[in-house]
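Here the chain labels run A, B and C in written order, and each chain numbers its own residues starting at 1.
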Amino acid sequence: MTVDPRFYAPLGALTLGQVAEMTGAPLDGDGELPVTGISSAGQAQPGDLVFLDGDGKSVPQISPNAAIFVTNEANLRHVPEGAPRLVVRFPRYAHAIAALAMYRPRHLDWTGDARIAPDAQVHETARVSPGAVIGPGAVIGEGSWIGPNTSIGPGVQIGRHCQIGANTSVFCALLGDHVTLLAGARIGENGFGVMAAPDGQRDAPHFGRVILQDHVTVGANTCIDRGVFEDTILGERTKIDNLCQIAHNVVFGRSVIMAAFGGISGSVRVGNQSMLGGRVGIADHVRVGEGVSLAASSGLFRNVEDGETWGGTPAKPLRQWMREVAWLQKQANPKKNS
Amino acid sequence: MTVDPRFYAPLGALTLGQVAEMTGAPLDGDGELPVTGISSAGQAQPGDLVFLDGDGKSVPQISPNAAIFVTNEANLRHVPEGAPRLVVRFPRYAHAIAALAMYRPRHLDWTGDARIAPDAQVHETARVSPGAVIGPGAVIGEGSWIGPNTSIGPGVQIGRHCQIGANTSVFCALLGDHVTLLAGARIGENGFGVMAAPDGQRDAPHFGRVILQDHVTVGANTCIDRGVFEDTILGERTKIDNLCQIAHNVVFGRSVIMAAFGGISGSVRVGNQSMLGGRVGIADHVRVGEGVSLAASSGLFRNVEDGETWGGTPAKPLRQWMREVAWLQKQANPKKNS
Amino acid sequence: MTVDPRFYAPLGALTLGQVAEMTGAPLDGDGELPVTGISSAGQAQPGDLVFLDGDGKSVPQISPNAAIFVTNEANLRHVPEGAPRLVVRFPRYAHAIAALAMYRPRHLDWTGDARIAPDAQVHETARVSPGAVIGPGAVIGEGSWIGPNTSIGPGVQIGRHCQIGANTSVFCALLGDHVTLLAGARIGENGFGVMAAPDGQRDAPHFGRVILQDHVTVGANTCIDRGVFEDTILGERTKIDNLCQIAHNVVFGRSVIMAAFGGISGSVRVGNQSMLGGRVGIADHVRVGEGVSLAASSGLFRNVEDGETWGGTPAKPLRQWMREVAWLQKQANPKKNS
């Protein structure tokens, strides 16, 4: 996936030799080979630098376009034959060094006193409350409202008839029409990813976006992180309550409903029309089908098929969970049930 | 209950004929009948438009004052004989259309560069930090402090000796004296309510308020939604920790204590001096008596009488829950207990 | 511990007679005795006023330096012989009255239109986004970024190469180098402490700080409260996800990882390299060793030794918890297992 230049300023391509030098890797291959982008191994475009990390025991997803690798010894066997590769001890970290040399998040250079950047495009019918700030290159559509003390980052696109509440922040994001963000929502922050580096653990930098389709609503103080390289996406008319957490690379379908304190880990998929009760948690990479219901307080660690209703922690089919709850109550309280 | 004009600008009364036209309902009754307000069926004042929605199987609460109805076929039998009614497929949505034609939230029109609106009343002893913005018609009482980058919405009333922390937002709310809001608290947002509409699900608009009585404290990043038509209320000296969620129409009594991550669903009642441990969740419409204790992590789905102590998910009397926990541990680990 | 004058303006020492007068306590001792500071009984410096409250049944921690006491009758027996003492019904409250007469939080007097206070020190290479405000005496180090609409309170020290996200607030805090705060983080608010007072419950005032060491990352909308008298501390490279709560006086070691919705109660200790899964809760004063893993959704009420892995609510060793889960599932669903 291509890094969106509206959010990340391209600093120019590198050569494999330059990447080797900045990461301290021995050069193996053509030092003049151009490195023109970055991505995950699974979503690479030609010219992208990708990485393989971990113990190498499972076969990673690798796009046929993936052509330039940073890897550790353990993953060397997964690198396609003949592909240029740099071998380092901390491939995730080495990749981050190269990525930050190629792209710089534009918000880190947003300075000055201009509340609305001169080159931001605010539609004449849009209303901007006092204290709101709008970054360079941002676009605010017809009839939209930007609440007081809200921050719209560089390059952010907000459609028509949106309501962006007070004290909200929106970065690295594209919003459709009729999108509502309640006060304090945090859209497009760097996701939570800890990578090993020579001097200890560091944050993995994120280069993706958040996409909120038409009629999406996001509750107060809810956080939706941007993707690592791809996007975090909420489908049309999906409605999220207050104080929820949606991690990087999550994709929700259309008309999903999620109640307060929902917590969705990285790369989860949730199908159309599913309903998540209060305080539901879902572990990373789990797939939830369409029309699924998860009872309040469920902690889900497994995939759920279309139309099912689950509950409990660890979550299981609702009937089974209810049977366990009832059975335990009966067994542990013999007098009441004699 | 009357919609408070400090927060919602009255756009003028409608006639039943106008409501029929804007909602596409066949007119049944006097088209010139004035529709002068909106409310829930249970709290109607004369002249209010109310709605009945759902499958009609349970008998809805209907005030004797309720006189003008939008309803679906399933609820027609609950409409008092002779009362004017509009029959539509999506009554909740039709009611919202009429409501938004009668009242407009004032914050959606709060624009301009004035940090403190010219007609806001800020007491001469109040202190306003840099970046704070105060909307038209708002009132800040003697000795109160408004933190930096905080947003006080149009018409909001803040009493004496209040401390409103940094980056906080307060809308559609009345605060007593000695009220403390810590940084990032979100007071008076639209509650979470999804209604069916012809084009898919939409947010139900809210026209109520938040009332925080004297000496109430609200923690950092905690959210308290305004009521749908009535108010969300916290009684005197009630203390709420950080990162809690209090939904629309909730009423807490005096001196309630709620620890972090507490989540209270719509229309819940909690009596005086009750104590809610960390991460307690309460399902909608549940009644909790006075002096009740709920253990940390309780998930409560049933009413609790005065003075009781409950725990677990689903919550039950604490002794019973503890007995189940201990019994399960013993049974499942026979060697340890032989 | 000494109250840090960068955050709390010293209003001058008191005499024991003045404290007696303002708290309504009968004077017992030398009325001219200088009271030069405040602290907890366990951490007193010479001249500090300390308090003993509660039922007096357990022996409180009392520093050999503790020399001037406010106490209730129940705790009189714990006051060292000969030490001056004031006996009151509400010692915690009386202590707070004296404390607030000696120290005033500087942010309560931060007013005016200056976005950056004239005496704040912002390094020439630091970047400050529109809408950010920086209080008197604050220091922003080399190469750091302060996001839009963010509030940096009086006296706050921010090191080099820090990234402070949008709409964040930082008070009463010292940050090292390479610290990252994501949008909406709330650093240094008053902690949650309810004390009895003659007119009902009140908030206990906090006079401590938050210390974030080098390379700490704090997620979006996460809250870290300042200490009561001592500090809340996160060690180097500790990484906290979004929407977490860390209460007063908590101390985390180095390279701790905590996922979203983690909730850490007052005075908890967590050792180096421990990993806390999503929605982990820890009760107050619990000690967690080094290299401990807590499974997602754990509710921990007991100390955990180095290197252990626990889960469940109430949390127990992971194997034991898993055994209980599996045993219950098997017993309650006999048909599936026959």
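By definition in this document, a contact is a pair of C-beta atoms (placed from the backbone, for glycine too) under 8 Å apart; a residue touches a chain by one contact, two chains touch by 3 or more.
Per UniProt, the chains are A, B, C = UDP-3-O-[3-hydroxymyristoyl] glucosamine N-acyltransferase.
A quick note: this is a predicted structure, and the numbers were derived from the prediction, not measured.
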Original post:
Since subunit A and subunit C are copies that touch, is their contact same (over half of the numbers shared) or different (under half)?
Top reply: different
Original post:
To lay subunit A over its twin subunit B by CA atoms, how big a turn is needed, in degrees to the nearest 5?
Top reply: 120
Subject >> Gap in Å, rounded to a whole number, between the CA centres of subunit C and subunit A >> reply: 31
**OP:** Specify, in ascending order, the residues of subunit B that touch 2 or more different other chains.
**Re:** 115, 131, 149, 167, 184, 221, 243, 261, 279, 328, 331
Original post:
Where on subunit C does subunit B make contact in their complex?
Top reply: 107-115, 131-133, 135, 149-151, 153, 167-169, 171, 184, 186, 189-190, 192, 194, 200-203, 221, 223, 225, 243, 245, 247, 261, 263, 265, 279, 281, 283, 299, 313-314, 316, 320, 323-324, 326-328, 331
Original post:
Which residues, counting only subunit B, touch subunit C once they are in their complex?
Top reply: 115, 127-131, 145, 147-149, 163, 165-167, 180, 182-184, 215, 217, 219-221, 236-237, 239, 241-243, 254-255, 257, 259-261, 278-279, 296-297, 325, 328-329, 331-333
